[in-house]
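Heads up, the thing below is written out as structure tokens.
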Amino acid sequence: MDVDGTLTDGTIFLGAAAEGLIEIRGFSVRDGLGLSLAGAMGLEVAWITGRASPLVLKRAEELGVPHVCQRCRDKRRALSELTERLGLRREEVLYVGDDLNDLPAFEVSGVRVTVGDAPEEMKARAHWTTAAAGGKGAIREVVEAVLKAQGRWEEGIATFVARLLRDPDPPLQ
Amino acid sequence: MDVDGTLTDGTIFLGAAAEGLIEIRGFSVRDGLGLSLAGAMGLEVAWITGRASPLVLKRAEELGVPHVCQRCRDKRRALSELTERLGLRREEVLYVGDDLNDLPAFEVSGVRVTVGDAPEEMKARAHWTTAAAGGKGAIREVVEAVLKAQGRWEEGIATFVARLLRDPDPPLQ
Amino acid sequence: MDVDGTLTDGTIFLGAAAEGLIEIRGFSVRDGLGLSLAGAMGLEVAWITGRASPLVLKRAEELGVPHVCQRCRDKRRALSELTERLGLRREEVLYVGDDLNDLPAFEVSGVRVTVGDAPEEMKARAHWTTAAAGGKGAIREVVEAVLKAQGRWEEGIATFVARLLRDPDPPLQ
Amino acid sequence: MDVDGTLTDGTIFLGAAAEGLIEIRGFSVRDGLGLSLAGAMGLEVAWITGRASPLVLKRAEELGVPHVCQRCRDKRRALSELTERLGLRREEVLYVGDDLNDLPAFEVSGVRVTVGDAPEEMKARAHWTTAAAGGKGAIREVVEAVLKAQGRWEEGIATFVARLLRDPDPPLQ
């Protein structure tokens, strides 16, 4: 999946402090719980973004997201390489993106998903548009839809909660 | 109560500055006034969160919140221990949480409350869902509902305002 | 007027950085223009807040707001003293506040105003409730209403624009 | 175009840290993509703002925006000078602004545009008001409208995507 506009509401916060510039992004704790749960159920999660910042790595680490590709302007190549590396077939790949720079990644995805506040061009090309807007739970909705389609959502909740109680250091939300 | 998604709108802001990473959370000043008022009326307020940051301690200190449990992945145990330590019965414990990681705490709470924008799984298990979303006044609504149920809301306002005028350093909002 | 919840949407952002804590508030540029225009038309603007931070002074300075009272828990006293110092009568004082800690200031104000998203207790005690919520243009609405009531709104726009073009360093918005 | 309230939702975030004050603004990644696409199609984009901060220069640099005028209180003069310098006629100039301090720039613009949440004074003087509010895609909407009016929107998408795949370091979104 894409990051800005998909995992966030599309706002890039830039700050000016005495010591230099600051870059800030806001992530949803409910998306976070969905991604932790996805990881617990064995889904391979990857973030692919044209920008680059240590804050994105920090968030991925908190949630146990194993694949992060930053400064990826050509998301088609990044997604193809990852698909090959993980030994997946294209129909096993679901990609979520919110804007025109995600179109190349759509070309190599089995399931194309966009977010509720995406432009019409994206909705027209996606198999499915989430009800939630980017950064407002769209990714949580996707995780839930995938696990429900696999008949594993209730099992996912139970697995996630059991891990919270058992694991000394489970992923965050 | 839980913190992220309950006392906040669920947004985790992460920033990258020259000197390292920054973590930011947004709290509601109206929730803050509710918690100050709750404290003035003798309610024992506790925050239980899986994350850990000095900013949460700072906010608790501003509002005079006496119990803060950070890095609590197992919220059931944290809440049980606090209940015992305070000499309370389970039916005297009201817990507010917004997501699946709060389910274990629900098991040991007399009154289970969730927020207006919580997922269906939470609403189905809660005794009551606030009209307001997390971070948008849900906690204020809970404080008001509890004090009104006890017939002490008007007294609460009077006590709170009197303290503002009398106390040299009252809790903030 | 009050600051948090009135000039802002009530969100207190707290951040944790390597060097210590950060406090952030978000102000509306449209409220800012309203306050600059109010100053250009000779209205005396004052901010009265229970909290204290240099960022509030910075914002007041940008807008040319002449009176700022921070760490004012007893807003009634602060407003009374200011009224006396400026040689005003109570009926010349309009106060805008969003929550219960503003009630004491209401007692010494000729016109009591609250914001669109204020609790019912405030709306019941206010002469007027703005359509806009706090931080979303409520103060701009108040400035416009006052100048329109005085028949000076169009003159205000003209004065404000003329000053932009003439003054080498006019207040910001 | 104007910056605050037009490229942002009008919120000026001010922060107080141990080392001094911080100024933060939030930009839309969808507006960003629109501006990158506008640049790829040969539109000359300029930002004209009364405030001044290195964060605005940083954002302009990310998007390849060639003209940035900060601390411009007299936007009419700034826009006139730029028009002349670029050898444009007034009817080739489209200006987007959200508030009264943009009125002087309207006087020297061929097409006057304001944003969906602008005050009535702006909407009454604008040729067109975007559906989106400032900072919520208003600028994306303007870029799309201009290129569609020129019959170049589809070409714009194709050009933009081709550049993403070919250019080693294309503008960000």
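When the chains are written out, they are named A, B, C and D in that same order, and each has its own residue count from 1.
In this section, contacts are C-beta pairs under 8 Å (C-beta built on N, C-alpha and C of every residue); 3 or more make two chains touch, one makes a residue touch a chain.
Note that the structure is a prediction, hence the values are computed from the model and not measured.
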Intersection of the contact lists for chain C and chain D: none
Homomeric contact chain A-chain B: same or different residue positions, threshold half: different
Inter-chain centre distance, chain B versus chain D - centres from mean C-alpha coordinates, in Å: 41
Geometric centre distance via CA averages, chain D-chain A, whole Å: 29
Chain C, residues touching no fewer than two other chains: 13, 15, 17, 19, 21-22, 24
Category of the chain touch graph - line, ring, star, complete, other: ring
Chains that touch, pairwise: A-B, A-D, B-C, C-D
Of all residues in chain D, those that touch chain C in their complex: 4-5, 8, 10-19, 21-22, 24, 50-51, 73-74, 76, 98-101, 103-104, 119, 121
Touching residues (chain side chain D, partner chain A) in the complex: 13, 15, 17, 19-30, 32-33, 37, 53-55, 58-59, 135, 140, 157, 160-161, 164-165, 167, 169-170, 172-173
